[in-house]
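Right after this note come the structures.
Each of the next two complexes has subunit A plus one more chain, namely subunit B in the first and subunit C in the second.
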Partner chain A sequence: MIKPIPALLYEQSESGRRAAVMPDCDVPESTFPEELLRADLKLPELSEPGVVRYFTQLSQLNFSIDTNFYPLGSCTMKYNPKVNEAMASLPGFLGHHPLQEEMLSQGSLELMYRLQEQLAAVSGFHSVSLQPAAGAQGEFAGISMIRAYHESRGEAHRRRVLIPDSAHGTNPATVTMAGYEPVELPSDANGNVDLQALKEACDDNLAALMITNPNTLGLFEEHIEEVTGTIHEFGGLVYGDGANMNALLGTLRPGDVGIDVMHFNLHKTFSTPHGGGGPGSGPVAAAEILAPFLPGPVVEREAEGGPYSFVTPAQSIGSIKLFYGNFGMNIRAFTYILMHGASGMRELGENAVLNANYLKSRIEKLLPVKYKRNCMHEFVAGGKIEGAEEITTRDIAKRLLDYGMHAPTVYFPLIVKEALMIEPTESENKRTLDAFVEALETIISEAREHPGLLHGAPHEMPLKRLDEVKAVKDLVLCMHP
Partner chain B sequence: MTFDKDVKYLESHEWARKDGDVVVCGISDYAQDSLGDVVFVELPEVGQTLKKGDAFGVVESVKAASDVYMPVSGEIVETNGVLEETPETINEDPFGDGWLIKIQPSDVSEYEGLMSAEDYKAYTEGLED
Partner chain C sequence: MGYVANTNADKRAMLESIGVNSIADLFTDVPEEHRFPELPLPPPLSELDVSREIEALSERNMRVSGMSFLGGGAWNHFIPRAVPYLASRSEFATAYTPYQPEASQGTLQALFEYQSMLCELLGMEVVNASHYDGATSVAEAALMAVNAARGKRKKVLVSGGLHPQYRSVMQTYLQAMQVKLMALSAGIASAEAFHSAGGSPDYPFGQAELKQLAAAADEETACVIVQNPDFFGSIRDLAGLADELHAKGVLLVVHTDPIYLGLFRPPGADGADIVTGEGQPLGIDLSFGGPYLGIFGCTKKLVRRMPGRLTGQTTDTEGTRGFVLTLNTREQHIRREKATSNICTNQGLMALRASIYLALMGQAGLREVASLCYHKSHYAAAEIDKLTGFAVPDDIRFFREFVVQVPIPAAEIVKGLSQQGIVPGLDLGRYFSGRRNELLVAVTEMNTKDDIDALVSALENVA
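Coming up: the complex of A and B.
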């Protein structure tokens, strides 16, 4: 049965209904200033159970990792262990005010310090700042640090940032936001950076390269050291987009292969909630030459056994987030890391890669997969079905919802036509992966025999096919009761 | 898929047509088909001078936002105001009413160097996976 969408609170409103009854006033009433009174203030009037049912019904419409398989490529929709929530709810953390003085905040500071150390250890960097609120802000911090570095050396003329066409879509936006000029680099036939094109694009104005490894095709950059070496030769620095770090956990440390600065997505690799489940967190890690430029404050400890304190690095780009970043996410990520330990980290990465390769080996028999290499944590198929040429990736994606599975990321990366970017994560077992393949098999036969079913999908969702063009052109964000 | 024979093409999927003194520029049928429904177009200021290969605007669809590049160097003399309200004109008539800009070229020989419809068609076939 399709769950209905409840009527809006405003539509359910009935004059005089109320959720709370105020006690009689036992002090003299004062009058409210006349000019502040409004007669046109439309607020919904409902009973308490009415409000509770409304929000509970809304929550039951959620499509989440706690309810369904969610192979959204590049987003690492892994399970978020409930022990993370238990730790974040400890009263010492929960009741801790960010303005409380350092000596009364030692527990929280220690957690931040140890998380900084863990992230540096797992990635091979010198120092970490937990400030950035999410991945895009982590990127912005990293590129701003590179800019501050060049400027500190009197090399402000370096303005060009190379970005492979298999990089994350946020990278060119970050570069533009930081006042730099993005330059796209092509991929070669194996999905690696085209080394010849890389060398030709390097000159005296090179500021940096932003590389996503594994890239958005889910492919490991096979010449990573040659790529970073070339950039360094021309006086540039290398930014590593750590969004795909899940694939490398415990196997490769980006700091060891010439990356100078990288952000993490705690909400991807380290199991903190995504989107509506909580704010993101995008700590940024730096090699020694860039460490003085990290956003601050960061947590330091003067001596073993001594107190922890907030310190702003010497040439810091400054503070980029109120207080100390999204601290609640730090607790969850720290818990996740401790629960798994170092060997567990490696297992997570290996299982993520194993799951993706298992799915790829089955799906490449059904749909075209452009690059004939083992993938890392994700892979990209094309939504083209032989014998059903008019069916698009969008149709397949929408139909998957009817089978109780979230659609993969679609139409990205742009270098694969009709792209379906699939990332199962290590959370899923073989049965779930097989069920996904079976759903795709069913959809492919439907596409050939009853294409209308796909064109009209989804059929089992509370809302049918949405008009994406109208949503972009005629965007309404405010409700007017 | 239409490959209008009266225009010349760029590898970045723009087309250019000589119309008297000016060069009219838009995006190809192949480009509009790959992009899907166009929802927004950003065009340059009239009077701006740009070089061949410079990005002069952005075409945004539900799938992607793509820069569009100058087929020849020159001054922008007119932009297609219709696209502000009805960007979908690009999908409906890419070689006609869906044109983007008119350029007063500074070097007409650049136009002659662009791809013919035949070459462009072969080029797009090479792009198929």
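Coming up: the complex of A and C.
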């Protein structure tokens, strides 16, 4: 049965209906300043059962990790353990005000301190700040730290930041926000940074390289130490985009191969829920030379056994967010790391890579996969079907939904035509991966025999294919009451 | 570990399909001397052990319920049980950004509801699908105003009533853009100078500051930023300010509070061009500072300069209404270095909580919450003002939060009362070195008359 789509709240609203009711006022009432009052306020009027049914029905229109295979590349849609949620909901954490005195907040502070240490241990860095709210904010923090570092050394003229053409769009956008100039680097035939082009792009104005490793093709940068060495030789620093850290858990510490500063995505690598688009959490980790520039406050402990306190690093770029970060996400990641320990971390990284390579070994028989190397946590196929040339990646993606599977990331990275970027994560078992391959096999024969079926997909979802062009042309961004 | 799903038999079959002998063979691209490092982490723990350990940690925080009067950017408000119940559904929590709209209508329609209700609450034409928090919303608003002036205006004028940490965050965001951040109070020209002078000596800022801001705005000014109610809880009449600024080509940015708007005139009605807010009071837990919700709205005219995701209405191939992410060409995944911001993941689940909260409250409920905050805070202020040695400045209009001048350093009062299980408010000395004898007290619907009376008598005893 195709699920019905409920009417909007304002369409369901009827005058005088109530859900929440507040207690009576138990103090003498004061006079309102009449001239400042609003003329009217029209919020929807529903009963509590109405609200609960509405949002429950809405939830059922979603695909999610708990209900569907969700191989969205570079998003690491791994299982989100339920114990994480329980820990983040403990009353001692949930109701705790961020401006409570430090001595009355030692539980929260200790958790933050230990998470800083855990993240440094996993990645091989000196210090960590938990403040950034998401990966993009971690990037902004990292590039701002690099700028502050160069300026502190009287090298403000260094303004060029090299970015491989396979990078996430957040990288060049971050560089612009940080007042730097992005310079695109080509990839070589094996999907690595083109070393020749890299050397030619380095000069006295080099500020940094932003590198995602494994990159968005799912490939480990084969010459990583040569790349970071070249940047350092020219006086630049290396930013590591940690979006793809899952493959490196227990298999490599980025701090060991010349990365100077890196962000984590706790909502990818460390299993905090993606929430339909956040909240994420993007802690930033730094090598010793950049540690004084970290955003803050961070948590420190003066002496073993002593109390924890907030400290702003000596040459901090400042606060990047209100208070200390997305603490609720920190609790979840801390829980996850505690449960896994050192051996568990490696098991996660290894199985993420095993699953991706297995899926690749089967899918490369069906669709073109450009790079003939072992991949890491993900790989990129092209949505080109022999004998059905008019079929696009979009058609394949929409048809996958009919088979109950979320589509991979599509049309990214930009350097692969009709890209399908597939990241299964370690949470999935062989049976699920096989079912995905079978669905693709079916779709490929459909493409050859009944291409209309794909052009018209999805067929089994609550809605048929949505018109994204019309959304822009007839811009409607809210319903007026 | 129970989160990895393959059996040993699975693994063998998979390795065979790949054509390698062992999992380690998949990592030959990783430099050998750094491959498989020993991580300095303890061994794995069971769920039971981890739960015990973290529960013990949570108990090391001091628990307060009705007896906290702490605000300063995050407030203790009532959260109807249905909010966490619905928002924690897996189908919402374990989905991601709705890149495949046909498989994400739940998230998209809920975000459209959020945008609709917030547009009504703020009186704005456009509200986006969220930013990280109130502070980053204000910082992005300043960047947006500067960008909207296409590099011709590089000055941002900030009211002295803006939350001090918001000002720091803005400084971090703007430092690369050669934008001058100016605070007016006492003729202090930069935010740094403002801080080192002990901060906001002109408080209460009153209507006079609005006049000064309008007068100081010039052809180099991109925008004027006013918080209302401000960090100190005081409220001002913004009528007329936008007209004066617009005449000079300057944008008005107003940072406001969603509970305040349950009763009071929204910034849109006063002609604001960009409106930001902290959405935490809309059904979101205090959670030691995050995750919260950055509210961000603007006029339709400015929508293509707006940072952050937007949900738009459209139809499917059969003409049925549905929702998609729209105006993506503003964003980093399309525009890369020319994007309006680098923001990608936002606070989607928190926007969902706000939607559920507002749907449960409705107009009557939100008005009740706002009225309770107003009456209770005024009752508390009047009672505290009666105490010898304590004073609440007269002639200030405020909402939910107010400043009390106290006879001894506020830090001592906070410390002393905390031992009795009462958190009396925020010691302003924590933010402003020149204001150590002032306490910022917040009173919400969570505080009963008995709580307030207990606070008053506890204060009486410290003096």
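Assume the second predicted complex is superposed on the first by the 442 of 481 C-alpha atoms of A that agree within 3 Å, B and C clash if a C-alpha of one lies under 4 Å from a C-alpha of the other, contacts with A are read in each partner's own complex, and residues count from 1 in each chain.
We adopt the following convention: a residue touches a chain if its C-beta (ideal position, glycine included) is under 8 Å from a C-beta of that chain, and two chains touch if they have at least 3 such contacts.
Please read these numbers as outputs of a predicted model, since none were measured by experiment.
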Problem - Which of subunit B and subunit C A:V416 touches, first, second, both or neither - result: first
Practice task
Examine A:G382 and indicate which partner it touches, taking first as subunit B and second as subunit C; both and neither are also allowed.
Solution key: first
Problem - subunit A residues touched - subunit C or subunit B, whichever exceeds - result: C
Practice task
Based on the superposed arrangement, let me know which partner A:Y403 touches: subunit B (first), subunit C (second), both, or neither?
Solution key: neither
Exercise for the section: Could you look at A:P368 and tell me whether it touches subunit B, subunit C, both or neither (first, second, both, neither)? Expected result: first
Exercise for the section: Could you look at A:V472 and tell me whether it touches subunit B, subunit C, both or neither (first, second, both, neither)? Expected result: both
Exercise for the section: Would you sort A:N326 into first (subunit B), second (subunit C), both or neither based on which partner it touches? Expected result: second
Exercise for the section: Check the residue A:Y239 against both partner chains and state whether it touches subunit B (first), subunit C (second), both, or neither. Expected result: neither
Handout entry: subunit B and subunit C contact sites that coincide on subunit A, given as residue numbers
Key = 412, 468, 472
Practice task
Mind listing the subunit B positions that touch subunit A in their complex?
Solution key: 34, 37, 39-40, 62-64, 87-88, 128-129
Handout entry: In the complex with subunit B, residue positions of subunit A that touch it
Key = 368, 370, 382, 411-412, 414, 416-417, 468-469, 472-473
